[in-house]
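Lettered A, B and C in written order, each chain numbered from 1.
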Amino acid sequence: MSILSINGLHKNFGAAKIIQGIDLNIEEGEFHAVIGPNGAGKSTLFNLISGQFSPSAGEVTLHGQRISGLRPYQINRRGLSRSFQVSNIFAQMNVFENLRCALMWSSGVGYCFWRRAARSGDIDARAHALMDEIGLTARGTDMAGNLSYAEQRALEVGMTIAGGASVLLFDEPTAGMNHHEVETFATFLKKIAEGRTVMMVEHDMNVVFSLADRISVLVYGQIIATGKPEDIRADPAVREAYLGADA
Amino acid sequence: MKRTLIILAALVALGAALTLPYLGAGRFVIVLLTQLAIMVTFAMSYNVNLGQTGLLSFGHAVYLGAGVFSSLYLITAIGAGHVALPLEMVPLGGAFAGFTLAAILGLVSVRRAGVIFAMISLGLAELAVAAAMLFPSVFGGEQGVSTDRMVDFSLTGLGYGRPQEIYMLVLVWAVISVAAMVYLSRTPLGRLANAVRDNPQRVEYLGYAPYWIRYIQFCIAGTFAGLAGSLFALTYEIANASVLGIHMSANVLIATYLGGITYVLGPVVGALMVTLLEINLSRLTEAWLFYYGLLFIAIILFAPRGITGLLVDAPGAFRRAGISGMVTTLARWVPVVGLIGGGTVILVELCYHVSNSFDPREPLTLFWTPVSAQNWAPWITGAVMMVAGLGLFALNRRNAAPRRPQTGDAS
Amino acid sequence: MDTFIFVLVNGLLYGMLLFMLSSGLTLIFSLMGVLNFAHASFYMLGAYFAYQLSSFGSFWLGLILAPLLVGVLGAAIERFGLRVVHKHGHVAELLFTFGLAYLIEELVRLIWGRQPVPYRIPESLDFTLFTVSGIDYSAYRAFMLLIAVAMFVAVLLLLKRTRVGLMVQAALSHPDVLWAMGHNVPRLFMLVFGGGVALAGLAGVIGGNYLVTEPGMAQQMGTILFVIVVFGGLGSLLGAFLASLIIGIAQTLMVTMDTTLSDLVAALGGTAPNATGMFREIWTIAPSNLAPVFPYLLLVILLIVRPRGLLGTRDS
């Protein structure tokens, strides 16, 4: 059974039909990339899966349970976590605190106000380990708002994986990076993805084709093709609609 | 290291506050210290909303009022023998009243943050004031509700008739409250509140409901505001509806912001400063509220992290600038502040004298000099000082602009 | 019936006065994201400036000059104050305008004293226009209505016909668009802020002598304004218009109603319980007592039921 399953998904904003019937199954452990021209509805699709919007029709199931219509925090608790296209961090808190907040729910502290955060379970140890993993240990006490762009992207990913979610959605993780940064970051993402299910929207085709197990092509709110990278590369419909100019 | 310093400073202040009454301090000092302790508690509770959770409230005094009136009635009931509660425990009742009201009104208040929250708090505050006016049978109308705190039922055996005794009680509760609120800011909830303040959307994607975080914080703020209200009731033994009015809410907002909302202990600094300022300034000049407003605007414009921010930044700024840099900076800015400040004071006092004093033809004393407001000379002096100061200010800004990046607050 | 119409006309007049204030407040909020706490303070300044000018010359001098002065002052405050705090976020901006309201009130006390000033209706308009069933309708009220309607038309034309107006309209529906279009946004902000508070100033000129010109007038008006813009829906001019009229008429109507709960019980054939104990006033409170509270009650209920307001499209 698929870990994440999208069935007949539609989303309208007034008269504008942004998502027009998407069916997609993501298998456990898969690295699935979604590509498509600007305005195809990729971000809307992510917002529908993660709970920012609720669909006009259709549904999304996670581990076989319906999640559409739930609030983002409820979906997150069921094991789906996402990153954002524009870094979405706590700018006025330091890196360590950012990660600590991201770890709290999965550490089972809830809305606790009777114990010090530092004494609650193993949060601090986990935050340090995570900081190591994303390579920000040296910047632990710096304000997140003062980090470099690439560092903020790394923190963004760190906060996304912190809760131990089984399914991760990455929304254009390398957006705005220079060529060198993209390369480093792709390696980093590959490492992160091990043992997890990942769905990623990405514009950089090198990143997409080097990381993805399968690729879906989204055009005008519909998926025109899904398959292995080599199949997608060879698909005439995709070439026409999307890769045309490059190929 | 930093935390140790803060705790040390707090302990020193506490020690001083505890010993002062026995050093033969006068009644005036004791009353002032009591007022300070109440204001500090109230401002700290306000910052649980504003600084920690990002909720700008224009109606925090409503919860103070809940504590005040519930405690006034509670004390009377204890005195009459209806309730068996030692006087020392009355603040628990006030805290409970504040909590209850916040728990009810919070349900409708914290659905949104930002401007909407601010407007709801204002609407609720206006409603509360109006309700208090409509029900003199509960709030006592103009003359208010009064009680007698000498109820002959205490844990310590003290009668609490003397100001010193009530001061000790208020101080103990204030210290407990401040310590509790500092502690709360370090719990998971406190950290999450900061996260909600910075970016509620992200919090929602980390498994938490921002609504609940705001709600719990709002209830905590209400609880301690109620406790502060209880201390108020114990101290003054009388209150009317004005304690829950907009003026009181505005006051705590200004005090907290002046102190610095981004620091846990900022409100303590703010409350101390504002209370002292109020007392000293109001004895010096009738126009003190105007100066107070000016100070508030100046802090918002030039030092958004408040007085505490300035104090924290100052040593570093001095170290970086060195002696010569410091002298240059001072040489540059002291005349500006002096001219603008002096000019403002002269003009304000003249205006005030002309429009509000008993007899405008009487000379007034300005900077130890008798001056007649009927002459043009003092007016022109004031205006010239203002213009010169503003000109220098613009000049300094232009010169300093390229060398100063964004953190120019301290200079 | 005649009294009812009279009250309705008065409510309409009050509502139009409210709209002169709330329209500017809404424009400023829509464009800049700043809920101008000091908006009613500029209304107060308009009244005081007009009083001062009319004591030098005539009422007509004040009518023209006072709103201009207020507008210039507002533009300067935007340029040297608001723009500086803008980078610290919306809460800082709200606090700044809050501090400003505080300061302007103190300033007014400082210059004109604590007591109301004798700002009077001009003699040329101080006569009875017509009389309906023994109730006089003064010419000044008609004049106020005329000014309010003229202003309404002028603002509408400005929005529909001028370039600045079109930019403002674009910003009303799509707040992010302006920045993308590369217009001189800071200057537009200054213009709109200055223009908005000038409207408030004009309302002060014609409202100050109709009501009372005193240091408390800003605070009294200020909170009602917030109710109106939130009630109408933040960012909606039409919403602000409807809300102004609804609140203006409702408040005026309520003042005339003095049936109490015990009257009601008596009318139904019962007897009101003996009024003793706490909250005994509940039996003797009439709608007229509640008129000042009504807007806030409406605000709180509305924000619970429909946070975006009557016609608003944005949540906050």
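Note that a contact is a pair of C-beta atoms (placed from the backbone, for glycine too) under 8 Å apart; a residue touches a chain by one contact, two chains touch by 3 or more.
What you see is a predicted model, and the numbers here were worked out from it, not measured in a lab.
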| field | Partner chains shared by subunit A and subunit B (touch criterion as defined above) | value | none
| note | Sorting chain pairs by contact number gives first B-C
| request: Return the chain whose centre of C-alpha atoms lies at maximal distance from the corresponding centre of subunit C. | output: A
| field | Length of the line joining the C-alpha centres of subunit A and subunit B, rounded to whole Å | value | 44
| Roughly how many whole angstrom separate the Cα centroids of subunit B and subunit C? | 30
| said: What's the distance between the Cα centroids of subunit A and subunit C, rounded to whole Å? | reply: 47
| Given the complex with subunit C, which residues does subunit B contribute to the contact? | 54, 56, 58, 108, 111-116, 118-120, 122-124, 126-127, 130-131, 134-138, 246, 250, 253-254, 257, 287, 289-290, 293-294, 296-297, 300-301, 304, 348, 351-352, 355-356
| field | Touching residues (chain side subunit A, partner subunit B) in the complex | value | 50, 71-73, 76-77, 81-82, 84, 88-93, 97, 100-102, 104-106, 109-118, 120, 123, 159, 162-163
| request: State the interface residues of subunit C toward subunit B in the complex, per the touch definition above. | output: 35, 81, 84-85, 88, 90-92, 94-96, 98-100, 102-103, 106-107, 109-114, 219, 223, 226-227, 230, 234, 277-282, 285, 289-290, 292-293, 296-297, 299-300, 303-304, 307, 315-316
| task | Write out the stretch or stretches of subunit B touching subunit A in their complex. | result | 183-184, 186-192, 194-195, 197-199, 201-209, 212-213, 216, 220, 262
